[in-house]
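You will see chain A twice below: alongside chain B first, and alongside chain C after that.
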Partner chain A sequence: MKNAPLPLKNLIRKPGRTTALVLLTAFLALAVFGGSVIILSLRTGLRSLEARLGADIILVPSEAQSKISFQNMFLQGTTGAFYMDAAVTDKAMGVPGVEKTAPQTFLASLKADCCSVKIQVIGIDPEKDFTVQPWIARSLTGELGDMDVVTGCRVEAGIGEIIRIYDQRCKVVARLEPTGTGLDTAVYCNMGTMNTLLAAAEAKGVSHKISSGDDSVVSAVYVKVKDGYDIDTVNSALTGKLRKVTAVRTRSMITGVSDSLAGISRTVTTMVIVIWALALIILMLAYILIVRERSREFAVLRLIGASGNMLGRMALTESAVCGLAGGLVGTGLAAIGVFSFSALIESSLGLPYLLPDPGTLLLLAAGTVILSAAVSALASAFAAWRLSRVNPGTALREGN
Partner chain B sequence: MLLRADHISKTFFRSTGSANYFYAVSPLSMEIAPGTVTVLTGRSGSGKTTLLNMLSGILEPTEGKVWADDTDLYGLKDAALSRFRNDRIGVVSQARSAVDTLTVAENILLPAKLYGKTPPEEETRYWMKAFEIAPLADAMPKELSGGELRRMAIIRALVQDPDVLFADEPTGDLDDENTKKVLSALHAFAHERNRAVFIVTHENEAVKYADRLFRMEKGQIMQPESE
Partner chain C sequence: MKKQIIPGCVMLVLSLVIAIGSFTFLSPCVHEDGSVGACHWAGRALLGLGCLLAVLSVLALLSGRARFGIYLSSLAVCTVGILTPGTLISLCRMDSMRCRAVMQPAMIILFAAAGLAALCGALACGRKEKGRT
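Coming up: the complex of A and B.
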């Protein structure tokens, strides 16, 4: 401490003043880091949803939209099921412009003794699937065998554990990476397992049979359109050819989410800007008042030979150190808040929400800290300029 | 170093009264030579402190020049003038002049520390002992009395070892014993080290230590009262 530079001594030996400045800057950093993480998480979530859907068009039974909000199923993990004839998969392949199709069958487990957890079970055909299979392949090296399941990251079951679905024992063989969407609460299995589960559910009174009485059903068919084909045209062709089936463009789903995201982004950005503007004004006023309060101290320094620039540098250094400390505190607090309550934020926003990768977060944190130090120094710049012009004789006489 | 004021004056703006500007110090010339103690007396508001500030490089005169040997003090840029003051001019202000965030010892060594000079620690200890504030080395200024703060400011100027030492009411808060101690220290500093000392005071005791005595009235220097 004895040999510490003067600005540091000034900060340490005036703890009240220093704490106030640090807290003010911390508030600023908290708003920036917290706001930025939320916006980035929403964007990352949207990208993840786009990637996970992986299809241009989704075919669902016509009554699906009235039974359950298709969007909520993907975004919030609402469970539900609807069925149509499995032949839709092959029929869709016959439509010009369709490159590939992938069926999925849904089954909602019950909150009852027969089921460990209430979840959405999704059956896929690993050979045909181009939507979930690439993600499963990242987590599972082997094949997805019968009565094996892959869980979303938010299903509370570890690898190797057994979960019961309609009294059927399914083994968790892998867990998927987070998507920030409702898909994180789903469980995936192959069609063989799904047929077993559908039969078990039927036995419990949960029917999957369609009006034709056919047992071979799917819930949705994901369609990839060939390059060079207009997706809307293919969409119309599919709607025309397939009865009692609705073709939904994935982009229209994404657009809704994207619009909500843009709205939230705008709100958060506006709030951050307002907080920054207010904090900047408060900081500037605080520094001006501090300089006035310290005018005698600065006059003494001038008296013993400190130049105006030296005093200016000293004031800038002090404010930058306060800004740096405030940046660290604010970013730390924001990180604790945003990471601890990410599930709550996600559920209250009702949008795909996925934290960016650690590298991006670190970069953002470093940027926020540097920005806080720079803004703090900027806020004190006017005060520092006034300091550089202080006349020791006058200042000492005024402070006498 | 010979310090020379050449027709310097200072006017200040005044918003009341008939004239907008008034002379705090009317044009005057004087020399402050090494090895002498110059004492300036006068009533409050007569312009003594303004003159001291102009001579010490703190306050630029409205007219005239201050020469330190061949250097035009106010012809220097702020950085150079500040360094010059730190190297060659010591000032004991009339006002309380401590940096509150530094200890007494740190305050005394601050002029050296500002420009990375070797801190005169030995000399500081000597003067702190002589002025009876050695036990307060690690105390903070707010813990000191007015007299102790005054002695701290004088030691700070002395250990700076300037060519010219300006002291504005250096004995203002001191008792008789300490007044004598301080005045004889300043006298010895001038004569033993061949430095110039310029004292502004109301204190009659100071007159005894003066080699040159001036009186100031209404911004004007009266003829030297003694040589």
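Coming up: the complex of A and C.
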């Protein structure tokens, strides 16, 4: 501490050198904090997807698998509309092992008045639903009435605001909490509202009728399997009993996402390790060269009474201060980038992406800054050790 | 002198990125049917503000004693630029839309950086004026 002011003065007097060292450490901190936030957000998103799906099996029309990737609807918010006979819900209940079923009807809006793209409208049966309804109940205390809608957190519509879908005025009564999935960009309504919207869509030439001409349609049926029953067996029974219907195990969807997440995590972690290894070597070389360049300065300090250890401590303090400043700059820059462009990162990755809670982020930021300061000090440790053993006479002669 | 010129150079580069970006890599949403939404006009406004900031940056580089005032007015332009996408001119209502996911955050960061440069320039000029008196 006795030498603390001198290292600071040294850093201030050489702004170019200090800036270069700070920027190098900032690059390290940026890689660590940015990479860690992305990996954590993907893991949080996956947990959220698991919690949000709620069902063991999802029944969709066979055409849904070819028409649109059902998984894309959940992960990226791609709009899709496919229909099957509503009787599938009751038929599924007849299969042994099925505890409960919840139908959902999808409708891709025409370009809504809010946005330049279509939005996905999902009709649910609040009485039967066990997938979305628990989430809606967190935001909406009353009932989801006719022509009322609940929006995903990524649809910017205030509560009480009217949005128009197929020229039908729908009132926003609640907004859902973020899930990090494509479901955040959807709009939810009850089946009464959905039937009105389907009729309005029909009037505009967007047909939802199935080949039988039946008006009573659903897009997907979520199935919860009773405890003690094997999900695969129930899945096979449903596929066997229901014609033109595909039974998708939610676990297979999550496993696919989990595999992609593991791949991305590996890539990001490898990149961060490579960046750190390279930067650590560069920092070590930089400090050795800096100490060599300043050998006369240190020799003079030795001659006026500074001990070798004092000089070593001074070099360590200088590098730690540079590391601290670089850590703060790098973490700040990474925070600006990762938080501002989270929507872009999510859509680019095509995976569930949900930022961790602020407490975790603060801890991560503090850890990154401390790590940057420690690594910077560690990189200069060898240079500091050599400095503590320098002979002032030799240093001055070599300098000449 | 160098301390007063460098912020002007930084502002000039950032303003050009803003102006060019507003209709290229940071452009608002493109509607499939060719119609225009509110975010289109936000993009136009940002193009105008970017050009205005570029002119102010050139003036800051060329002028002598008026530099302090030019930096202050640039700061005001940057504040308007930060507020334009989303606050002064509404954007699409979905967070995943290009105007919200790309244009808005990028423009806010660019205008904030330009504003910071303008503030540094104004402080450097102010310090010099104080030294003269």
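Rule of thumb we're sticking to: the second predicted complex is superposed on the first by the 390 of 400 C-alpha atoms of A that agree within 3 Å, B and C clash if a C-alpha of one lies under 4 Å from a C-alpha of the other, contacts with A are read in each partner's own complex, and residues count from 1 in each chain.
Just so it is clear, a residue touches a chain if its C-beta (ideal position, glycine included) is under 8 Å from a C-beta of that chain, and two chains touch if they have at least 3 such contacts.
Here the structure is a predicted model, which is why all the values come from computation and not from measurement.
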| item | value |
| --- | --- |
| Partner chain in contact with A:L344 - chain B first, chain C second, else both or neither | second |
| Which superposed partner A:I231 touches (first chain B, second chain C, both, neither) | neither |
| First, second, both or neither for A:M147, with chain B first and chain C second | neither |
| Per-residue touch tally on chain A - higher for chain B or for chain C | B |
| First, second, both or neither for A:K9, with chain B first and chain C second | first |
| Touched partner set for A:E156, first chain B, second chain C, both or neither | second |
| Which of chain B and chain C A:T185 touches, first, second, both or neither | second |
| Which superposed partner A:R296 touches (first chain B, second chain C, both, neither) | first |
| Touching residues (chain side chain B, partner chain A) in the complex | 49-50, 53, 58-59, 78-79, 81-87, 91, 93-102, 106, 110-111, 113-115, 140, 156, 160 |
| Residues of chain A defined as touching chain B within the complex | 2, 6, 9-10, 13-14, 296-297, 299-310, 388, 391-394, 396-397, 399-400 |
| For the chain C and chain A complex, residues of the former touching the latter | 29-33, 35, 37, 39, 92-97, 100-102, 105-106, 108-109 |
| Interface residues, chain A side, partner chain C - complex | 77, 111, 114-117, 119, 153-157, 184-185, 336, 340-341, 343-344, 346-347 |
